[in-house]
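Naming follows writing order (A, B, C, D and E), and every chain is counted from residue 1.
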Amino acid sequence: MHQTTSTASHPRGSLELVRRFFANVPLLAWFCGALVAVILERAVGLSMAQSLGMPRIPVLFGFLVFLKQPALIPGALGYVLLMNILPICITAKIGAPVFNLVSRILYKMPLVVTALVHLAVLYAVFHFWADVNAYRMIMLKMMLISILLTLSLNVINGYMGEFSCSHPGFMALGAYAASLFTVGLFVNDQLFGPAMMTSDYAVVFFPLGLFFTGLVSALGALVIAIPSFKTRGDYLAIISLAFTFIIKSVLENLEFLGGPRGLSGQPDWSSLPMVFIIVVFGVWVINNFVTSTMGKALNAVRDDEIAAEAMTVDTRKTKIIAFMFAAFWAGVAGGLFAHVLRFVNPSTFGIQKLAEVLAMVYFGGLNSVYGSIVGAVSISLLGEALRPLEILKWIIIPLLLILVMIFRPRGLISFKEFNIHNLLKPRG
Amino acid sequence: MPLLEVSNMSHNFGGLRAVNEYNLAIEPGQIVGLIGPNGAGKTTVFNLITGIYRPTEGRIVFNGQDVTGHAPNRIASLGLARTFQEMRLWRHMTVLEHVKMACYSKFTYGLAGAFLQTPKRIREEAEVEELAFASLKMFGVEQFASHWPTDLPYGAARRVEMARAAVTKPKLLFLDEPTVGMTPEEMLAMIEVVRKMHETLKPAVFLIEHRLKVVSELCHRVQTLVFGQVIAEGTPEEIQNNPKVIEAYLGEEKVVA
Amino acid sequence: MNLTFFFQNVVNALQWGSFYALIALGYSMVYSILMLFNFAHGDIFMVGTYIGFVLTTGLVALSAAGIVVLPNWLILVLTIVLAMLFTSCLGMLVERIGYRPLRGAPRASAAITGLMIGIILQTTVLSIMGAQRVLYPSLIPTTAYTVGGVSVTNIKIMIVFVSIALMIALHQFVQHSKWGMAMRAMAYDYAVVPLMGISINAIAALTFAIGSALAAVAGIMYGMAYPILDPSMGILFGWKSFVAAILGGRGSIMGACIAGFLIGFIEIFVATIFPSTLRDLIAYSIILFILVFRPHGLFGEPYSARLRL
Amino acid sequence: MLLTVKNLRVSYGKIKALQGLDFTIEEGEIVTIIGANGAGKSTTLRSISRLEEVEPGTVMTFMGKDMLTYPPEKVVSELGISHVPEGRRLFGNLTVLENLRLAAFARKDKGMVGRDLERVFAIFSRLNERKDQKAGTLSGGEQQMLAVGRAFISGRQLMLLDEPSMGLAPLLMKRVFESLEEINKEGTTILLVEQNARMALKFARRAYLLEAGRLRLQGFCSELMDHPEIKKAYLGG
Amino acid sequence: GEKEQADAPKKAVENVIKIGFPIPLTGDIPDVGESSKNAAEMILKQVNEAGGLEVGGVKYKLQFIYDDNESKAESAVAATTKLITVDEVLAIIGPQASKQAVPAGGVADNYKTPMISPWSTNPNATLNRPYVFRGCFLDPFQGPVAANFVTDEFGATKAAVLYDIASDYPKGLAEYFKKAFEELHGPGSVVAFETFTTKDVDFSAQLTNIIRANPDVLFVPQYYNEVPLIVKQAGALGWDKPIMGSDSWGSGDLMGLCGDDCKGHFFSTHYAAAGATGATKDFIEGYQAVYGKTPDDVAALTWDSVNIMLQAIKDTGGLTGNLANDREAVKNALGAVTNFDGITGEMTFTPDGDPIKCAVVVKIDDEGQFSFYESVCP
């Protein structure tokens, strides 16, 4: 017993050293460091890659290279070190005093301003990173969308503690509703005829459309919310599973939506800024909700419904709001998803999708906004990075998840609140 | 007019008549005790009045309003708070959040406030937080505000439960065996806590206890329930000397402490 | 609807439902005792089928080569016994590796683990057997009998009979044997089971062994009725038996079995009466409605946990 | 010595619940461990039942056998140590009778089980009336009787009782203690954990006082009863 | 060896043609991916062993990059994007199933990269996408072929159809068959139009309905792995009339899975394996020799699609090394291919990128061989 603790303390010790070394680095510095790194990559990435023996910039932090061309591993590692890790760390550490100063000034301003500045830098990082390659772009969009999806499922499965299997259904509702809106109104298309409106104002219409899309999903959520008054747990899981299958079957039967063939021809409106803004807004709203007492009522209902009722919590209202709210964002995510793929069909929204979101939620951590972000990002990155392994990937990812479940049954980062103030504050 | 009036309430579990023709009237500010052997139906009476079970027969009027068969949260928002025999704290909420949660019906910021950081929400959350702290202080557990209930000592957890019930300044407070599992010392402290709370907030209290010491120290009036039926009602002294009570509950020799 | 046609569909539904019932039995066994969603069950069933396939093919080949000449019925019996054995070992292994470390964890975590174990099993079979389908060798020649216009095969009769017999046997076991009693106790509160002198690990392993052995039987029956196997065939059955086990009611083995048959009947009759495109839509709507109006399943007990005393 | 415990240490993560207890129990004795909430009383019982992993250095022998080599179920079935856990922990989905039957799961002497069942029903006649009711729907007091009855059947060498008086009405409490006395007379050694120190001290022969995971006092009950510290903190003045 | 490898890519950069295959190696239809890969690997080996592909007098080594699309639309999009923008392939072969081919086609068209989906029948895959082609004939052609055949051959006036509603290909084909048959015999002549869902294994309810409707023939446009179950179950329920299938029956595995039950039935397809001659025969034999089984329709169509793509590359007359120009040239060359002589028939692309090719009707004879019965050309 003593031995294990002493061996375990060694890596923790060095990690602790690293942590302490960077203790005075505020978030802004990290973001700016990343910005420097991506800009540097744009400027000299290609020549750097070539001088390290690679034909082009490694897109996924070298992962694809590691798995496909072992001979290039040293090059890829060197690239990641020189182009990603070092610029970030050096900028962050050296610039820390300056960034702390800026942070301090920002911190005195209203939170909105501070947050917007950080987000703007973050967006710039994303933009430059993804701009290098279209593959990065599509991955990034998918990743952002899965954050929204995961977080919305976490509202039900984590915060309210139900095992809901209805998310593919909500997502399908959103994906189809949004497609119907854009394809029907803005696109010349065989199914719905010529465009009724011009797409000049996509920036306005698309978010608006997504809002209605979300409402459609939210209405669909009533099918599950109402039975949830009387039943919980396993039975509700089945009700929600049935919901998913019903939605899928309805879509297969609706000829005017393309039936099993699906619907294509969505305009290319899920641009990076659009996805970024909507996802950030969604995360902000969900975070607001779960930190309010009204949102905490979900936890109360989960942990002890009787006690919640006895403490004046309106459990029915709480459940309805939770389901509709989660469905709303799942629907929005579905709408974005449909416009990234520019194609939807019913079989996308089946058991496989369910397993995927469930994995993201439980991997990342229940009852935690952080957790959902970590879960969505790591599972989608892993899924993409391990693609070259083909079948082996489907052993590695499940094994990883099993290990996480065994050692952290509630996920990597569970029951941890997202504290914006703490995050944005200067550190020295 | 009594604050709470229960008339002819009965309840069956399947074939078992757990509560039979039960009557009760509590005046504002009064402390009423309910004693009786295990399985007499005391907790069931609580659950019936607070709306967790719906009575098979009978009528419950609280604060002039018929609440028979109403949902628990509606009854609670009218000003009836309670604690539970086995503590029912929420596992993954901090102590402060527990107490804030009990003010759920006080929030008026609506969905807009829940989703967006409206000024109204920020103000209301802050107000309630203050209330919550005050309540925690009254029960002497404010130092645990950011703890999770699983980290609390037993006595503190019981007090948190009471702080949670009392934060809304209820008109009527139900306490189900507040001193169960306590050492005599802790029990005495608890009696003081309840007394102090009663002096400040002046709620009516309805209290289940097995410890006669608690009952006789606190209660103005005591009911004895046996097999779902009230067999005696009166002041603590009367009850302790009532032969029926002695036979069914106390045992032949008097147990005082 | 004319009568022959109706009875033909009843026969069809009985056979189809008996698979749901059989697989739901094994699922429900684990589910109602360890209270965990064993999402790997469908894939254990799949592995059971493949084990049956390998055994039968092997034994038939041995026979054909004249090394050990066995009559077909003996091959069948041997296959069943050995497949049950191997599959229950697999089940116990899954329990040991995937679920035992998660005993104290939330049930949903175990569900995720199950899901992942399922994927691993599937991937493993896929990489061993290859992507192409395999044909389950037929040991008993299918004979079709026609009774009053209704066509029944010997295999159908056998399957229905086996599943009903297993259901009764299992129900008796769980309700009346001391092992069954221990299992039910474990379902309620596993942590104090050792205080009764009962080993938790033994009961959990036994539960998985029985559940998986049932899956093997189901797999072999399946192979005989629908002889084309592919590694992903377990998914659908896994989820359907999940539905059946819960529709039947928490903790009710009988309920799971009956719900399995019910789902079979719903699917067959919906496909018969309505345009078959609407089958899933209507079938799942019916299931949804049943659960809305019987929130605790067909035979489940209402939440007694509503009030802890 | 029936049970000898030396240097018992248990911790939950960082919390050191027990920090080196030494105590003994003689055959046929009634011994009680008293102490405030969270002192570690339940933990002590749980480690005797092997439900809690003890830290290295702990020695526990029962009738000369090293207990640490036994898994929890064998402690019951082979050593005959039964345990009435805190909070009763009945199998709520089983009937009263099934709960009792289950307690006999690993017993070798099947013939005697019937007699013991009758004995339980004789001691707690209330249980006899509710034989086929699900244990989960019994009232608190009824549940406590069943829990004691269950332990009575599962092991008869040493019975560990964790706060049997919790939530019991005075009359019933007396009834339960009377029956425990009877059980003890029939040869079962009893280790009782109680918060109700007055009751416990009256009932037991010897007592240990536990405070924050350490033994504070020990001795015969008759002496401890007059100990000023105990009087003040545990007997209510 | 390591040093060589590290140097290799640089030197070879000019002399390699890369083609990307976003195919389903895991997920719902791994067998489809496997067949595609098998066929592609055969070509790769052949061409590279012969020193490479000669384009405009220069020999190019072929490099095929397979990326798993997991049978998911979103993965197909990601994989195709990766192949085009990261691996910088010249052209794409795949994805196979429509639910991946439709969105992936969008990507290919966006990046102006020629793509052939060997197996997708959904019109949307190629519609208004000049860079996207397909290798198989479309439902509007095959449906009437089957309808005409059953009318002429069996004198059928009433037909039944059983198909998978959740799958693109069977559904389209079933509908076109129905349309064609009802044009011939009047509305209502398709007396039973029954469906099931992907992965179903029990068809007894549908077959009972079909048998009750008493049609003359049953049309089953399903995959070879579902056909045996359907045929066997139909037999057990007393069906003894002919069953007509589609090109998706055409796999060597069919008989292995179906045994005697499938003998005597017919299906329309691209080529008849029994008695095949020339290139077709070579392909079948070569495939059998390497993989130990007869190729299925996916393999055959992939084979043709790759070859037609290589043909188009050759037809460009020379690659410039500028990827965008080369892709454009290949696309133009693909559109200009006429009467390409593939093993699945002669192919010419319509302006939409769909092939015009002939179909054959094959009978499964008593030896279990797919023997030529008749040929139908558009």
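Just so we're on the same page, a residue touches a chain if its C-beta (ideal position, glycine included) is under 8 Å from a C-beta of that chain, and two chains touch if they have at least 3 such contacts.
Keep in mind it's a predicted model, so treat the numbers as computed, not measured.
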Number of steps on the shortest touching-chain route linking chain C and chain D: 1
Label of the chain whose CA centroid is most distant from the centroid of chain D: E
What is the chain whose Cα centre is as far as it gets from that of chain B? E
Go ahead and note the Å separation of the Cα centroids belonging to chain A and chain B. 44
Give, as an integer number of Å, the spacing between the C-alpha centres of chain E and chain C. 36
Taking each chain's centre as the mean of its CA atoms, how far is chain B from chain D in angstrom? 31
Could you give the separation in Å between the centres of chain A and chain D, each centre being the mean of its C-alpha atoms? 52
Could you list which residues of chain E touch at least two other chains? 26, 30, 165
Do you know which chain B residues sit against two or more other chains? 43, 52, 85-86, 88
Multi-chain contacts in chain D, i.e. residues touching at least two other chains, fall at 137-140
Touching residues on chain D, where the partner in the complex is chain B: 36-38, 87, 126, 137-142, 144, 163, 166-172, 174, 195, 197-198, 232-237
Would you tell me which residues of chain E are touching chain A in their complex? 2, 5-6, 9-10, 13, 25-27, 30, 66-68, 72-75, 77-79, 81-82, 84-86, 88, 98-99, 102-103, 106, 111, 122, 124, 165-168, 171-172, 198
Report the residues of chain C in contact with chain A in the complex, numbered from low to high. 37, 98, 101-102, 104-113, 115-117, 119-120, 122-124, 126-127, 235, 239, 242-243, 246-247, 250, 277-281, 284-285, 287-288, 291-292, 295-297, 300, 303, 306-307
Chain B to chain D touching residues, read off their complex: 13, 35-40, 43, 85-86, 153-155, 177, 180-188, 210, 212, 248-251, 255, 257
Under the stated contact criterion, what part of chain A meets chain E in this complex? 53, 55-56, 59, 64, 71-72, 133-135, 138-139, 142, 252-253, 259-262, 264-265, 337, 340-348, 352, 384, 387-388, 390-391, 393-394
